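Questions regarding the structure given below will be posed in turn.
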């Protein structure tokens, strides 16, 4: 039942996504005591011009 | 006031989106007793490499 | 795989949630052609003071 | 710590995003009394066919 | 059409929410050139034990 | 910059949250190559009557 959403800036490789999906699922399954099959993970890739910290878009840094 | 967000894998047609928007709005309007105009629905289409169940990306299945 | 999130103001009954869950799942399963088991729905109930339209909290209307 | 997510239809310019990021950060920092650096803002641009009000996709209006 | 979601730690007053709702709506309406009525804002208050930065829950700091 | 949101049914202990926050931050920091400080994690606890799979609320199972 855990639903995980991860927002990050675009640029991560397929390999990085695979590894995050695999290892985060293992942790949640182990710690929250649920079957791995019910851990669903979504990645949401953002363009730099769509993310701001301190009032500044990342595309401006 | 109801705000609905629906995440699914990409590949649905415009017709499928139209039909889901129409029918889900009808149900919520009827059951929650609100005007259809205040039912807002967002669709969020995900690439297969951005969705994982059981620790595996959908692009790997 | 579809994940549905529905935000609404608190005050809906358990019966209303049951009916929305059942009927929205049926529609998505039928239209998007997925098994009902992979349609996951979350309800998120908001207090009136946590929702604003037109710059005004609902608790002020 | 405030995390702001803003969904809107695509078509806003980079300048509009910059100005919204800057001014919304200032307000939250001032009113919620937090440093601007911990105000994170994400913009999520939607295609017209992915947003519906009153049961109709915006691409149909 | 803009939908704004703001996550923050609980503890803000009703007055702070009112002011943020009012002023953020004004900015978005002005900059994105939409009527204030279609700017919808949700506040999501988190308990300190439900928010982590740097691997530590806020309730532990 | 990664922002993680984890939805699960209520009932997890503070210890479980601590451990998930710590270990998920380590993985993301390592794999995505970002400082742990910019990994922000939110937990969202749902009541059983607010989560449905297969058209049935968890409170009915």
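Brief remarks on what is shown
Lettered A, B, C, D, E and F in written order, each chain numbered from 1.
Please note the rule applied: contacts are C-beta pairs under 8 Å (C-beta built on N, C-alpha and C of every residue); 3 or more make two chains touch, one makes a residue touch a chain.
It should be emphasised that the depicted structure is a prediction, and the values quoted were computed from it without experimental measurement.
Shared contacts of chain A and chain E, meaning chains that touch the two of them, come down to B, C, D, F. Here the chain-to-chain distance from chain E to chain F, counted in touching steps, is 1. In terms of their C-alpha centroids, the spacing between chain B and chain D amounts to 20 Å. In whole angstrom, the spacing between the mean C-alpha positions of chain D and chain F is 24. Counting partner chains per residue, chain E has residues 1, 3, 7, 40, 42, 51, 53 touching two or more of them.
Listed by chain label, the pairs that touch are A-B, A-C, A-D, A-F, B-C, B-D, B-E, C-E, C-F, D-E, D-F, E-F. Within the complex formed with chain B, the chain E residues making contact are 1, 3, 40, 42.
Only residues 1-9, 12, 16, 19-20, 23-24, 27-28, 31-32, 51, 53, 58 of chain A touch chain F when the two sit together in their complex.
Contacts from chain D toward chain B in the complex involve residues 7, 46, 49-57, 59-60.
The residues of chain E lying in touch with chain C in their complex are 14, 17-18, 21-22, 25-26, 36-37, 39-45.
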